[in-house]
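What follows is subunit A paired twice: with subunit B in the first complex and subunit C in the second.
The block that comes next holds the complex of A and B.
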């Protein structure tokens, strides 16, 4: 364990680290400028339990109906050696796959340990890449590894197809519906980001073993149900943009040291669990530790960060414009608080040099406002 | 629209803890008897109905629930019941008609009344659209396909700026009031209404915090709370499945009642909020432009009734290229007309536009009421001119005509802008409504305070050739083909 890891582990304290998933890695792209989240994530701190301990329990449950729907659709696609998927690949992508091998990598014998599975996956994928005679193999639930902030994250794509057009393709199976060719943009973006993480992990695997990483296609196969049925459709999604974003955010995570250096001595997110695993850390002390690291709260945080409610409360108490969202902050360029903005508008606060223009606009708007009676 | 004035009102709301008005008038017509629909769907499915509260009487909602939302037969039974309510409501608006005689056009009849559907939020409108898409192509003998065509019609009109045929309550409320919270939180009906009508003795800010708890304030849908799904709904639905599998009709009826009770517990709080919000909105005076917009809505309604009566086909899956482009152009015109009309009708809106320079106001410092010009044909016409001092950041658009709401018939154009140390001077030419040399109409006098905003674009106007006249190279039908079909994918 290097010194960075030691320092991050110390920050986390006596709790076991929370691992990264493709979803959480993809989520790092949301609000990447938030130092608080970067440090908590890098240290593997359990944000959900920390939030609960400081009085802001998160609500991140998924409906069992949604989970079940996802599971059933995935099983359907993978049934009979992924017969449905192969038919789609032939019809939609014009592939000349006569027969395809289907290789489940979900467990190795009886052993389902992540590291063992990852080694097994590596061996299988490398053999396929080197020998090239496994054309048309579908790898079910391979276990991939990716270094995130000095730690190993284990990732499990739904399927990896080899070879489709001579390359590896990540296959994402999602149960949101495509209706008349229309689909919810947000959900596709989320799927593309997640798939980009898998592409990156696969490419690193190949590169680590002296193989051409470009053998992994930047085009991902997204399989979704069509209209109101269970009939699957496959779409090709170019994830180059998302790949670049994931690379950037991972590079940033590896520079987490600069954030650590800025921390005062003795800051820790330790929940100090007792023998039953229940936290004993004084909530006020824990909250004080969190306040030591600057956050960048945005209303959208609540969709992806368990601490969002805590940070919102902090922003409210600080009278910060952040509670309204980045658009309002952008319009008032440089003014940080409600009090300052109203002070400028009402003329009770002298504008700083760089505030002259916005102060004039605010005073003008306030005059119009009071003229309305 | 979110200009600096709205932002300022948000700040004031945050400081005081109470919502602040953004409009003096309500710019959507509200009928005496709207059909309120609160739909819920099953998580993870595109449009599987879980239930809905629907009706025109706040005290007696029709509650429809589906004990196993994945079951197609039960879904169909739900749609049949919903069709009964919605189609009955729509039919009851087809009584009286009035004759419209457009200038230079054929007289036509339109209904004196029209339906109005109110749902909690935008996702609920989208859900109605999806439900319409799901049902309008069904080949059943009952009313379900017709329900689909009407729901599609309503969802479609909901995208049309200024239309009041189908409305989301959160849209109406956020247009009217600024709160001290973000747009994301404003999309939560319970939190939004908490700011606007907090219970006595608390601030809006405090009430909104309380209203954020989904246990006490279930989501307004169409998605349900995941915890509710896991703890309450799933066991109830599983109980129903077990009873049906066991072939026990008594147990099935009991289990169905349980699901119904669970879903009702999520519907009723939102149902009550719907009427509370509606009551608050009705207290506001209606803007002058509503009448004309509602007349256009009634025209649309009448046309849709005709289309169905004539045996026309259901709305297509996709607009083909020409229809899509025409629709986009229509929506843009409607948006710009609606914005301009609101500014004419409502001093709040006009003031907001003054912060961005789309409207302006100030004091008249000079006037030439008798000024004349000689036209190209040699006629002498009255062209009064006035000079207005303004502090507004006016954006000059040479082609734009402006109107003062106090003088709705008189239009001006900006001739010239001259800056000086205390603001700027605008030279305005009166280009219509000035009368004649012999009978001049008065123009604003020096010392008078004036406000001007863009003249709303006229109604109608066809910018696109008819589909059959569009060459196939531009998306028209290929020669010899009848109905262009939207591709499956």
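The block that comes next holds the complex of A and C.
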């Protein structure tokens, strides 16, 4: 395992590692076949800055304004021993009056080290699991651990995990509005994916200590503002589907060793930062290193991967049909470049045996098109 | 929000430095990209600053005698007044809200943040020179400063310690104190009703049927009913921690908390 970590660190070079977050783990699922992303993420490379360095700065992440809004809403929910959250849980989930204990876990004394916090969190959660209802109800900002590709990812539900009806629930506090009982599907899905990562980490924590992992509910509580007010509402989301997906992707990540073996000697994503933290690595060299690892660009990448602009450009230059997305790729099954597809359509390229049918369809389409024009 | 503003300012300063560094290197692509980022962050700063300003303007001022300008009463005394009214450890947000609801004068949120550091410094340089100090609450497990909760040094140790149930119990006690102040008709402002309501909605049975104003008597009864449920457990946890503090901590630590050394048995490895 150590040698794996050393190899991954070498890949990253002198840049400090970007830890996995629930968001990035959930994001791995978006394009599981992409070796480039798997390796960059496993090594803790900063994809955002790498993308910028090779000339493709991304517009990625939430705006600072949205982040600030999220923090204000979360603070409001958690103020005064999480009074607003308690009310929701009592009214909507029948939490008993006795259960009102609130444990802030965002530091241990003045110390905010992740490992120390993780141990502290573990001790508190185990006590709650073993001793039952009295040992704590609301755990604010617990620090969880999850093994990802042989490394420890530290996960901080920016929210609360708690015990209601004898089960742990992950609580996600999000500041996107629920309007007329409707939430933006994509945002909820994203929240569910993240929450599933927390559920998994919590379950592993219990299992590691000989407790029943099923004590952690697969239902996650999503707290959001109602309509355009700051009044919070809670919804229950079943994350079983997302859990299964996260498990699959983690299993795949453990094969990162195979990906490393396939790499040519000396490939590195080192940004070689100077004293100001500004990268000094030659962009062309860095880009060349990226090209060494096979990627699988698809339009969806733009929504979840910092390297999307770079990979899109690469796919275009390589003439790959991937830029059009999986639907087009699937339709033209087997034909994988734009050149080949056009050649078949125009009849300038003789179809191979398995391309005959596709070639006929393309030629037909071309006749229609020229008929129109 | 203030913190976010500061974080953005840091970010702006760092970006500017990077822009200059890139200019020195004549890396024009990087300059362009950094400046675009800089503009984006500056815009975010503007938006946040606007939002803060709007918030501040919305806080209505007291109707009768114009509020005396802030500096006349030092911030620490404002805070002391509020904490004395509440009688429980409180976060700056709550302190601000109670102040607006019952006291004249301004209590800028930014002053609260620096206060705690000043108090500890002042105590360390000449212990006991002031009649009271504003100090953090202490956590019951580690006897370390509890994040963001302010107390008064003259309170009994048990009141300054926060156990697992204490946030709830103190919230309920604060509700009783605020209801009481409202019933006494202590310098009511338009913010008073809002404050009462913010307590009442989070306490079972504290809001009157229909849409009428909050009844302070009902609020008190509801809060006391819930206090009774938690009281024993909370008292025990606080008393046990206070005992430990008396045995193990020196005077300064009993006021300002221990700095974490190690959790016995839990930090042996890495």
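We take it that the second predicted complex is superposed on the first by the 356 of 373 C-alpha atoms of A that agree within 3 Å, B and C clash if a C-alpha of one lies under 4 Å from a C-alpha of the other, contacts with A are read in each partner's own complex, and residues count from 1 in each chain.
Heads up, the rule we're going with is that a contact is a pair of C-beta atoms (placed from the backbone, for glycine too) under 8 Å apart; a residue touches a chain by one contact, two chains touch by 3 or more.
Note that the structure is a prediction, hence the values are computed from the model and not measured.
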> With both structures lined up on subunit A, is it a clash or a fit for subunit B and subunit C?
Replying inline: clash
> Is A:302 in contact with subunit B, with subunit C, with both, or with neither (first, second, both, neither)?
Replying inline: first
> With the two structures laid over each other on chain A, which partner does A:266 touch: subunit B (first), subunit C (second), both, or neither?
Replying inline: neither
> Of the partners subunit B and subunit C, which touch A:185 in the superposed model: first, second, both, neither?
Replying inline: neither
>> Quick check on the superposed pair: does A:120 touch subunit B, subunit C, both, or neither? Answer first, second, both or neither.
In response: second
> First (subunit B), second (subunit C), both or neither: which does A:83 touch?
Replying inline: second
>> After the superposition on A, what does A:65 contact: first (subunit B), second (subunit C), both or neither?
In response: both
> In the superposed arrangement, which partner chain does A:100 touch: subunit B (first), subunit C (second), both, or neither?
Replying inline: second
> Hey, what residues of subunit A end up touching subunit B and subunit C alike?
Replying inline: 63-65, 67-68
> Of all residues in subunit C, which touch subunit A in the complex?
Replying inline: 1, 4, 7-8, 11, 17-18, 21-22, 29-30, 33, 36-37, 40-41, 44-45, 47-48, 91, 93-94, 139, 142, 144-147, 164-168, 170-171, 174, 201-202, 204, 226, 229-230, 233, 257-260, 263, 266-267, 270
>> Which stretch or stretches of subunit B touch subunit A in the complex?
In response: 2-5, 7-12, 14-15, 24, 42-47, 130, 133-134, 180-185, 214, 224, 226-227, 229-230, 233-234, 317-318, 347-348, 351, 354-355, 391-393, 486-489
>> Give the list of subunit A residues in touch with subunit C in this complex.
In response: 52, 55, 57, 63-65, 67-68, 71-72, 75, 79-84, 86-87, 90, 97-98, 100-104, 106-111, 115-116, 119-120, 123, 134, 136, 274, 276-278
>> Please output the residues of subunit A touching subunit B within their complex, sorted ascending.
In response: 59, 61-70, 175-177, 179-181, 225-228, 233, 299-300, 302, 323-325, 327-328, 331-332, 338-339, 341-342, 345, 361-362, 364-369, 371-372
